[in-house]
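Chain lettering (A, B, C and D) follows the sequence in which the chains are written, and residue indices restart at 1 in each chain.
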Amino acid sequence: MPSLETSFCGLRLPTPFVNGSGTLDALVSGTLGVSAFVTKTVTLNPREGNPPPRIAETPAGMVNSIGLANPGLDRFLEDDLPRLAELGVPIVASVGGWSPGEYATAVARIGAHPAVVAIELNVSCPNVESGCISIGTDPRETRALVERCRRETDVPVLAKLSPSVTEIEAIATAAAEGGADGLVLINTLRGIAIDRATLRPLLGGGGGGLSGPAVKPVALHAVFHAYAATGLPIVGMGGVAGGSDASEFLAAGATLVGIGTALFRDPAVVARAALELAEELERRGASGPEDLVAAAHPPTSTSSRA
Amino acid sequence: MLPQSRSLAVRAVEACGAYTLLRLRRDGADAGVPGQFFMLRAAPAPADAYLSRPISAAWADDDELAFLLDVRGPGTRALTAGGAVEVLGPLGHGFELAPGPALLVGGGIGAAILPWLVRLLPEARVLLGFRTDAHAVCAALVHPDATVVVEPELVTEPLARLLPGFEGTVYACGPDAMLGAVAALAAEHGVACQLAMEAAMACGFGACHGCAVKIDGRWKRLCVEGPVLEASRAVA
Amino acid sequence: MPSLETSFCGLRLPTPFVNGSGTLDALVSGTLGVSAFVTKTVTLNPREGNPPPRIAETPAGMVNSIGLANPGLDRFLEDDLPRLAELGVPIVASVGGWSPGEYATAVARIGAHPAVVAIELNVSCPNVESGCISIGTDPRETRALVERCRRETDVPVLAKLSPSVTEIEAIATAAAEGGADGLVLINTLRGIAIDRATLRPLLGGGGGGLSGPAVKPVALHAVFHAYAATGLPIVGMGGVAGGSDASEFLAAGATLVGIGTALFRDPAVVARAALELAEELERRGASGPEDLVAAAHPPTSTSSRA
Amino acid sequence: MLPQSRSLAVRAVEACGAYTLLRLRRDGADAGVPGQFFMLRAAPAPADAYLSRPISAAWADDDELAFLLDVRGPGTRALTAGGAVEVLGPLGHGFELAPGPALLVGGGIGAAILPWLVRLLPEARVLLGFRTDAHAVCAALVHPDATVVVEPELVTEPLARLLPGFEGTVYACGPDAMLGAVAALAAEHGVACQLAMEAAMACGFGACHGCAVKIDGRWKRLCVEGPVLEASRAVA
C-alpha cells in the first residue's frame, strides 16, 4: 500500500489527516489517529461558552453555537499544552481574539512552545459577536492581522477562513499577502436553527455554524478557489467523512484534510478514511497523497507550492 | 482511551407501554456500570438523523445489552427499526455506589437507568413517577415493589415522606425540574444525592462542547463530568 | 382545519406555498399544487444552458449547473406565457440579465401581461459567469437595478438574493432602498462537485449551486436577518421538504414558502407540506399562516410589513 | 398530468449474474410502455442517496413490475435492500413499435429494457453485448435465442453482419458509445433506428433541466423528449 506521508509547510506528517479545531479533545479521548492535533481555539481570557442548547442536528449535519469555550491563554499554556505535548503528535494551536494585539500575544506565547508546530489564526468563528469573524470578512483586516502575527513566531502561521463571504479569493489573497504560510478552510457556515416547539431561535447563542457532510460542496468550492488564487498549502475540511471525500479535497487543492463533525458520530473515522485513501492511491497507481493535490485544476493554473 | 465502536445485532424490539425496549446481543461488549451511557446509531444510517443518540443501558446480562427508549424523534425511531445498532461506550461517569440504604427515584424515561442499578442495590426503595399509566408500564422492569405515582401526583411527594430520618443515598434520574426538586429535598434533609442528568450531545466523549450544563457554577461538559453528578455540583 | 390563505404584496393566495424558480415546469407536469407558479429565469436571449453533467447529488441535496437554460424573452412571451396563463394560477416571472437594461426590458414586457402578478429579479444565479450574480453581491448595483426595474412595471417587484455574500443584511437593505416590494431568498449556495473518477470538476459548467435540505440552516439565517433588516415580505426557501420546515421559515420572517429541490424527489411534496402546515396551525390554535410570520423575532424588532 | 407516486412492496430481490433483479408488487400501478422509465427511491430513504433514480421497467405482468439493476452507487444499492420502493411513473416517451421486422440491440445494462419489448415483438432478432460472462447471465431474461457476445467482441459486429438488406427497425439501448455506433450503422444502411438513452436525472419530469442531451443539435431535456429518440434526432 502506498505511504500516506505528506509534507505541509515544512512538516512531515504520517498521513494528511488532522482534526478540525474544536472537534476533538485529545486529552479526553486520545488523538483518534490524527497525524497532528489541532487545539480548540484559545483566547486570551477564559470563556465558558454560550448557554445551551449549543447544538442542533440538521440534514446531513449540525449547527453549533459553542461560543469558543476554552480555558484561556494562561491555563492553556500551564495545564493543557504540557499534557498535549506528551501525546506524541505535533500540535497545531488555534488562536482567536478580539483585537490584533490579543492574537499577537497568544501567537508569541504559544508559538514558543516546542510541541507547537504551527499556529492557526481563527478569523472565522460565527459564534461570537465580534472579533474573529469580523476580521475574517475584511481583506484589509485579515492582511494586517496575519502580518502582525507572522512577526511573533517562527512556526508556520495558517489563516482559518470562513466560507460565508462574498469572495473567498479576496480573503485568501489578503492572508497570503500578509505572509500566511498556509490556509485552513472552511470554518462553519453561518446558519440558524428554529425551535419547532416555540418557533424561537433554538440555540442559546442565537446564531450558529453549519458543519458536516451538508457543507462539502461549499467547502470544495472554497478550497478550489483559495488554491487557485494563492497556491498556498491548504488544510481542507468541511464534511469529510471518508477516503473519497479526502481525495476530492486533495484534488481541489488541499494538502492536509481535516475531519470535524464526522468524528462526533464515528470516532474511528480518521483511521478508516486513511485506509480508504491508501487503497485509492494504490488503485490509481499514485505514489502518495501529494500526487492528487490540485488534480482538479488546469495544469497551467497550478501555482508553486511550499 | 475511548472504547471502540461496535455494531451489535438486535435480539428484540418490544413495546413496553409508551416506551420501547431495545434488546441487543451483547457479544462481549463492555457494559460499564449503571449510569454510564452509550452513543447509539441505527445501521444502515437513517436519512433524517445524522448524529448518534446518548442512551443509558437499562441493564446488561452476560449476553444482552438492553435499552429502554422514549421514541421522540428520528434517531430513536430508527433504533427501533430492527436493523443493527452502532454502539459506542460505555461513556462518562456512572453512579458511585455508597454503603448504606439507597433510595432510587425515577421520573419518566429516567426510570430507564434504574433496572440495572436495582440489581446492584437489591435492598433499595424505588420511587417512580410517570405522566400517564401507559408510561408507568415500564415500572415492572425496574422493581416489583416500586412505589409508582402518576401525574398529577409527583414522585417528590412520596420522596418527601420518606426522607425525614433517612440515612443513606438518593440516586435520581429524570427531567431537570424533577432532579432540581429531588436535590432540594435531599439537601434539606442532609441526604447524599446523585443525579443522572441529560443534555443534547453530539459526540459523548468530550469533543464537541455541545453538552454544556451548569456544573460547579459554570458551563461544563456533561459527558465528561457526568452524566451522574453529586447533586451539590449540579445545583449551585 | 384553519385556512392557509395568505396575503403577499397585495395578492391573496390560497396557501403560502410556491415553487422555487427553475425547479418546476408547469407546462410539462402541471402546477403540483403551488398557489402561484414561479417561472424559470427568463433572459433577453435564448440560452441552451451549460453542457452536461448539470447535476450531482450531494449529502441531503444536490449541486446544479443548469446555466439558465430558457427560451429567451420573445419566445417566452409568445409561446410559454400564454400557455402558463391558462393554468389557472397566478404567474410570478423570474427575470435575469447581463445589464440593468436587459432586466428593464424584460420587466417592462413581461409585467404588462395580465397573468403576471409579480416579477422576481434573479440577481443571484451562481451558474453564469457574470451578470446576475455579480449584481446581487454588490449593494450599490442591487439598489440601482431594483430602482430601474421598479419603474418599468406596476406589479410587485421582488429581489431574489444569494446567501453566498458576507452580509445578507446589506444586500437586502439595498434592495429595499431600491424599492423592492419583497425579497426571495435563498438562491443556491456556491458549491462544486469533484468527479471521483477523474478528480476534475464534475459539472459541465465548472461551478455550481447547492440546494436541498442541506442548506436549510443557511436559508433560515438569511431569511431571519433579511427580515430583521428590512421588514419586507419574504418568499423563504432553501431545503423546505415539509410542513414543519415551512413553519420554521414563517417564524424566521417569510410570508410565502418556496419549494425547489424537494419537488424533484417527491412531486407530491407541496400538497403534503400544506396539509402538515394546516395540522400544525390547528394544534397551535393559530388562525392562519400569518400568525406564525416572524415569530422567531423579538417583538420589538418587528418592522412594519406591507 | 404527472402520474402519482406509489409505494410498492418488494416481492423479490434476486441476483442475476452481475446484475440484480428487483421484482415489485405491481398493485395496479400504471406500467406504461417499454422504453418509458420510472423514478425509484428506497423507503425508508437511505442516508447517502437523496434523489430518486431513473430506471426502465424490465417487464410488467398483471401483478408484477420488474427492474433489472446495475448496482453502482448508493441509490441502486438501497433499492436492493428489500424495503418498499417509491415509484413515480411511467415517465417520458417509450419505443414506438413500427410494423415490419425488428432488431433489438442491447449493450450491458441496456439489456434491462428489452425483455418487455421482446414480449411485444416476439419475432424480433435480439443482439446483446456484455463486458463479462457474469454480466451476460441476464441475456436469458431477454430472449432464449438472443445472440450474445462478450468483450472483446462488440455487439456492433453481429449487427453489421445483419444490417445489409434488413428492412425494418432497430431498437437499441446501451452506453452512449454503443448507441452512436449502432446509429451510424443503421444510417449507413438506411434502416430506421430508435435509441433509448441515458442521462443523469434529478426529477424525471421536466422540472430540473438536469438531463441535457444534444437533441436536434441542441441541449434538450432527455426526460421530456425521450428517453427513446429517433436516432436522427440524437446524432446531429
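Here is the rule we use: a residue touches a chain if its C-beta (ideal position, glycine included) is under 8 Å from a C-beta of that chain, and two chains touch if they have at least 3 such contacts.
What you are looking at is a predicted structure, and each value in this text was computed from that prediction instead of being measured.
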item	value
Between chain C and chain D, centroid-to-centroid distance (C-alpha), Å	35
Distance between chain centroids, defined by C-alpha means - chain A, chain D (Å)	46
Two or more partner chains touched - positions in chain C	58-61, 212-213
Overlap residues in chain B, where contacts from two or more other chains coincide	47-48, 50
Contact graph of the chains (line, ring, star, complete, other)	ring
Full enumeration of touching chain pairs	A-B, A-C, B-D, C-D
Residues on chain D engaged by chain C in the complex (per definition of touch)	1-2, 4-5, 39, 41, 48-52, 75, 86, 88, 199-203, 205-213, 218-219, 224
Footprint of chain B on chain A - complex, ascending	22-25, 27-30, 32, 40, 48-62, 64, 66, 69, 212-213, 261, 263-268
Contact set on chain C toward chain A in their complex	58-61, 63, 137, 164-167, 189-194, 196, 199-201, 207-208, 210, 212-218, 220-221, 224, 239, 244, 247-248, 251-252, 292, 295-296
Chain D residues within the chain B interface of the complex	44-48, 50, 81
